[in-house]
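In order of appearance the chains are A, B, C and D, and numbering begins at 1 in each one.
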Amino acid sequence: MTLPLTHQLINLMACLLLLIAFAMVSQRRILRLIYLFALQGLVLSVNTAVVAFATHQPHLYFSAALTLGIKVLALPWLLHRLIDRLNIRWDVETLINIPTTMLVGILLVIVAFNLALPISQLAGTITRSSLGMAMASVLLSFLMMITRRKAVPQVIGFLAMENGLFFAATSATYGMPMVVELGIALDVLVGAFIFGIFFFQIRETFDSLDIHHLEKLKEKT
Amino acid sequence: MTEIVLVLGLPLTGALLLALRGHRPWAAELNASVSLLTLLAALALTARIVSLGPQTAGRELFFVDAFNVFLVALTAFVGFTTALFGRVYMRVEQERGKLTAGRLRLYHSMYQMFMFTMLLALTTNNVGILWVAMEAATLTTVLLVSLYRTAAGIEAAWKYFILCGVGIAQALFGTILLYLAAEKVLGAGGGALLWTHLQAVRDQLEPNVLSIAFVFLLVGYGTKVGLVPLHNWLPDAHAEGPTPISAVLSGLLLNVALYAVVRNKVLVDGALGSHLAGNLMMGFGLLSALVAAFFLSRQTDVKRLFAYSSIEHMGIITFAFGMGGPVASFAGLLHMTAHSLTKSAIFFAVGHAAQKTGTQVIAQIRGLIQVSPAVGWGLMLGSIAILGIPPFGVFASEFLILTTAMREQPWATPLLLAALGVGFAAIFSKVQAMVFGDSTAQRLPHPPALLPVFVHLLLVLLLGLYIPPYLAQWYRAAARMIG
Amino acid sequence: MNPGFLASQLFQTLLAVLLAPLVVGWVNQCRAWLQNRSGPGLLQPYRVIAKLFRKDAVVAHNASWLFRFAPYAVFGCMVLAVSIVPLLATDLPFSPAADVIALVGLLALARVWMSLAAMDVGTAFGSLGARREMFVASLAEPALLMVFFTPALISQSTALTTIVETLAHRELTLYPSLAFAGVAFVMLLLAENARIPVDNPATHLELTMIHEALILEYSARHLALLEWAHALKLMTYAGIGIALFLPWGIAAAGQWGVMPLSVVALLAKLLLGGAALAALETVSAKMRIFRVPEFLGMAFLLAVLGMLTRLLLGSAG
Amino acid sequence: MSSWSAAAVLAVPLYWIAVGLFGLSSKASRRAHARAFFPLGALGGLVLAVAACTTLGADPQSLILPFGLPDLPFHVRLDSLSAFFLVLLGAVSTGVSLYSAGYFEKSGDGDIRLICLQYHVFLASMAVVLLADDAYLFMVAWETMAVASYFLVTTDHRVAQIRSAGLLYLIVAHIGALSILLCFGTLQLGQWSYTFDAMRGNTLSPPWASIAFVLALFGFGAKAGFLPVHVWLPEAHPAAPSPVSGLLSGVMLKTAIYGLLRVSFDLLHTRVWWWGVAALSLGLATALFGALFAAVQTDMKRLLAYSSIENLGVILAGFGLTTLFHSYDMNVLAGLALAATLYHCLNHALFKSLLFLVTGSVMHATSHRSLGKLGGLIRRMPWVAAAGLIGALAIAGLPPLNGFASEWMLFQAFLFSPSLPSSYLSMLVPVATAALALAVAMAGYVMVKFYGVVFLGLPREELAQAHDADRWERAGLAWLAGWCVVLGLLPALVLAAVDPIARVLVGATLHDATQGSSWLFLTALQPERASYSAPLFLLGIVLTVLATFVLVRRFYHGRVRRSAPWDCGFGPLEPRMQDSAEGFSQPVKQIFEAFFKVERLQPSPFDAQPLYRSRIEDRFWYWIYVPVTRLAEFVSSLVAVVHHGRIHLYLIYSFATLLVLLLLIQ
């Protein structure tokens, strides 16, 4: 059977999301990471809009706009300014080698899909596979946070994870109730601000954003 | 219900006021008085619930029943006493030049903000709002952990932020899945996230989804509870933050996080009809208690020591709730109360001890009862209480938990025994060394605020010897709710 | 209790007290003969005691009341002990007051008094003697109890009277378990009465002496009492041995008719026993002080073996 | 009986707590304080003893107090078993409190107000332990007892050894308490039924009953100092002030015996024969161990502590024998063994506390604890010496004092055990009896050493300042010594007290077990079986001694010349030529070397000032405790690796946890 256009669109968006997640995992340059993050936000908001259109839920349009505002414009801009101020825009960080990361990523995707399978069975919504995708991208962002050695990329990974969650929320459940959406958005914003403050604190204390400075607190073995 | 408005509104307004004027000398008094008012409001709320039973308010946005109202009262109370303690403590810190007025303002406003998020998380009827509040709790405290701007402080705060943030993200995913399952039954819209509704239909929710959801929720909120192996932020944050914050983190935040876990456990058990959630919680609880006990013996920093002891006790409580049944749940609630009262009292005493000796290193704190008997005895009695020695309340709950476990989960008792034994030896050997012997402490500019310590200990003593009937009713009702 | 019983009790006690030095004398005499010496004569112990009583006592400066009281206490205990043991007649009025365990306790009491008194003056010899005495005793006492328990198991009683009646006044049966107990008893008798090979009362050699070191500080009447008590101790052990292992011919109390017969029997047994003891002492050599525990351990072991055989063979054992 | 006495019994603990609180609040000088409050405590003890005495043999009286957990108010019950131990507590505490009035006034260390509070809370908690009728109250009182005594032990907390002793004590006590807790956990039926009544109604399957018994044996054993959990005892008792040592050793250890009896005879119904064998062998091992180690101690309080281990071992052996008989339904014999056990509990309580008080006076007089420095005190402190003599003779098990009477009964009980059905068991008996006899004899050795070295001979150091005990101390000593004599002379009193207990616990009246016993005679089963009469005994000794004395005086009243002791003709004797404590115990060290871990520092013939030192250590320490601590350290070092400081690692943890759980629930 062929799905209606909107559904195909949603699935497409899901694939894009996952793709971007992979791209972020393998991306070395911070600046590009920020762009990718913005792109992901864009995909997210478009997807939200599509869902809104498909299911005629006006409040989802609002949510899409919110996403656009915060995740595509505000946060990337903020991060951009930040890396300028900390002039680390051309920072390149060495990752543990990409192929292994990729391989792990693939495994995660498989796990995620298998987990999502029963749920998608149940989900009578238009969403079938997108939940699995969302979960996969969440796990991927997690993986990214694990592999990064610098503060900023780790934060981006964290925000990307939130994107994945949002995607799951919208596509699997047509979005959470409004008040919750607002609350979550607020938290993300404040969180981003506090991250910013931290960057400066870390910077001025260790004059570097390298996390391996933050490994003093440990048990003496 | 005006009480709820007050309970939530007072800290919020207090936070705003202090954000503007928090650097003034009288800010500490303002902070304390706001907390006092909050406490009064919370008591009024409690009185109402005790008299009228569970209630919803604000278009079902808030729901207060026996379970969370007692946590509300506890939170407000510990918040108040901690504010009293912080009044003196932070003043000394400031005079020793460890803090500027600006940081003090941050501290005061964030303190009230933190109280607000705690109370919101407790009183809300909406799983989503609960999540929001939990996240906000992290955000409000993270800057306080790094208040001293020391390298260690920043590191601790960073770890706290990242780990809890990630954890809480898992919890969000769990919440989404919960919603996904719920809307099948309740239809889309706000209703599908409300306890009151979910409770009603919990046995119709799709078990598959809920089991996965519970895993995410457990890992998410469990991170904030400090369950091993998700606990790694906890000792750092407790050790590096200012002592009042350590007190409220240990005494309140962990409780609230556990509250979230238990709420969800109720739903999931209802849906699955199996004991999956309970078993998971028992496993985590045992693991936490055991690992924390073995950590204890290696600690050299007094606040880290008691942070690990918090992990141990959270493990025991989680185990109790996982075991379920009227007695065990009752014991779990009792242990929650006793633990947060005792542990905060201990942190008060430890704070003063650290200020007197100018260090947190156990090896350099000696003979407290020589210089200031009150601090020494406070620390000694507090430790005795937290180590589960009667007639303090912690023992009462441990008594119930152990005896019940011996009947229902005999396999677990050796592990619990090992955890308690090792923990006892580790903590008491260090505390004895700090309290007894010849002294290294000196005098302080301000007399220590020891009233909170002994008030807490007195209450814990009361819990061990005589639990007032209405309190008992309240515990029973809550235990019945938890099942 | 009727006067007859009381009389027989008094008679036995007096007889024993008066006879005790004679037994010592007899043993020494036999030993002298066996060693081709002409002995000091049977009555030598009496002479010694009499002489000592007539002398002036010398007491160390720092001796306390305990030192001067001890000889009386020891003598008293020994008299009591000898009057408990049924030498001539069973169920004497005093016998229900003490069974074998109490008897052992009584001997221990005497020993403790003596050791304390020896430590009182505070000389090297006193404490040396006390140490050795108490140590030997702490091994010998349990062994002695074990020895008693074998016949006690046989007769289902720890009362000497009952034991003697069971063993003597019923039809004659041979108890192999008693053989073990008998050997153990002889060894204990040697150890407890300061005889060779455990101790040698004839010397004051500090390497070996036990009993003599204890009483080194005593003189005159105190010494006399102690010597007499020592003789009484030997008498008591002899009596115990007789009661346990050759109980025939002991009268029941109050039977004056049989009494002379039993006196004769007693004397005969003492003669034989004394001679045997002397022979034993002559053929064996004094052992080093740290061999003594092995010696006593052997006795202990034999006594336990006796009990075990008794349990193994049941009523036949 | 009358209910006023039960009321009085219940009132005394409260009274004690009140005394303690008043003591805490009073501002009196140390002297006035001690003089004022401790006699009040003694009064409470006296009342308790008398009141409990009158309730002996009456039907149990129970009461429910409106405290405790919501569905579990405090249950209190006073039956004969409790009453017996309450009498013990009352009698001993009377003497000890009287003594303390004099003692704590002189001893400098510690704040008298705190000591007074802790002391009386300690007494009260022991009383409540004996009265409790539900698991919760029992545990509360039990642990309060431990903590109060811990604070008393660490009164002089500036000394490092005392701190470590207290720590060890509290740790062992707490672990023991946990195992008792689990024992109650097995006994309860769930759903808030923690009362002993409910537990009585609950019959467990043999395996569960055995688990409960083993837990109880371990838990109470940790308090009573049975092998291998005895290590705290020789550390804690010397560390405490002497009156406290007296209470610890005399009374607190007995509460463990009480608990053991309560659990295994009252709450558990099932009987398994091997419980008896286990307790019996454990007890005898403990007794021998204690006796041997007591023999080689050089510190007088450690010596007494080890002798406590020995006596508790003897008591445990009696308990084991009782269980053994009872498991084969030989109730009369069980009654006999039980009577012996309880009798010995009472005796040990009296003479051991007496001896600890004696050491207290000696320490005050000389400020020495080490036997190597003492000697000749009988001349400087006659009162204490006299009391000490009675205590020493009694604990050495010599007639006609009380120690002998109980051991006599115990031996009788042992002699009956060949009638056990199983041949193996009856073969076990000779060995057991032998071990018991050896331990008892060794006790005599120990006591001669103790008394001889402390009170006799010449002072090994300059002890000129030594002074006798003051009025209060004398009163306390006299009280305890007097009871040692009385209970020795009139065993019938004790039998009368024990009879109702035997009826309840093992279902046998002692009247069968000790037929024909009268105030004069103590018998086992039938009079011709075995009988012993302490009064006649004493009479005999006194008569003969008097007779000899009079006769000798009458006929040979020669002069008594004082002169220097004989010095073998080589010059003046020095005090140091006497046996030191090490010297006295040297034969034991030599013969039983296998039992000890001896470190000897031998001087070489060329040393300028030759130095000989030998240290005796407890092998159990190296067999059990060191390995356990090592294991714990090892595990914690493993665990510590987890907290490695790298945030990536932590993220991986939560990631892995998440995945594992997700896969788990699939």
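Note that in this section a contact is a pair of C-beta atoms (placed from the backbone, for glycine too) under 8 Å apart; a residue touches a chain by one contact, two chains touch by 3 or more.
Remember, predicted model here, so these are calculated numbers, not experimental data.
Chains that count as touching both chain A and chain B, per the definition above, are D. With centres set at the average Cα position, the gap from chain A to chain C is 101 Å.
Put simply, the C-alpha centre of chain B and that of chain D have 44 angstrom between them.
Once the centre of each chain is set as its mean CA position, chain A and chain D turn out to be 70 Å apart.
Chain B and chain C have Cα centroids separated by 78 Å.
Residue positions of chain D touching 2 or more other chains: 637, 640, 642-643, 647, 651, 662. Shared interface positions of chain A, i.e. residues touching 2 or more other chains, are given as 115, 142, 145, 211, 214-217, 219-220. Contact between chains, using the touch rule, shows up for A-B, A-D, B-D, C-D. Listing the residues of chain A that touch chain D in their complex gives 111, 114-115, 139, 142-143, 145-147, 149, 211-212, 214-221.
Chain B contributes residues 61, 126, 128-129, 131-132, 135-136, 139, 142-143, 146, 149, 151-152, 154-159, 161-162, 165-166, 169, 172-173, 176-177, 179-181, 183-184, 188-190, 192-193, 206, 208-209, 212, 236, 239-240, 295, 298, 300 to its touches with chain A in the complex. Every residue of chain D that touches chain B in the complex is listed here, in rising order: 66-71, 135-136, 139-140, 143-144, 146-147, 154, 157-158, 160, 163, 166-167, 170-171, 174-175, 178-179, 181-182, 184-186, 188, 190-192, 194, 632-633, 635-637, 639-640, 642-643, 647, 650-651, 653-654, 657-658, 661-662, 665.
Residues 375-376, 378-379, 389, 393, 396-399, 404, 408, 411-412, 415, 418, 423, 426-427, 429-431, 433-434, 437-438, 440-442, 444-445, 447-449, 451-453, 456-458, 521, 527-533, 536-537, 540-542, 544-545, 548-549, 552, 555-556, 558-568, 573, 575, 577-579, 583-584, 586-588, 590-591 of chain D are the ones touching chain C in the complex. Considering their complex, residues 53-62, 64, 66, 72-73, 75-77, 79-80, 83, 94, 96-99, 101-102, 105-106, 108-109, 111-112, 115-116, 119-128, 130-132, 134-135, 137-139, 141-142, 145-146, 149, 152-153, 156-159, 161-162, 216-217, 220-221, 225, 290, 293, 300, 303-304, 307-308, 311-312 of chain C touch chain D.
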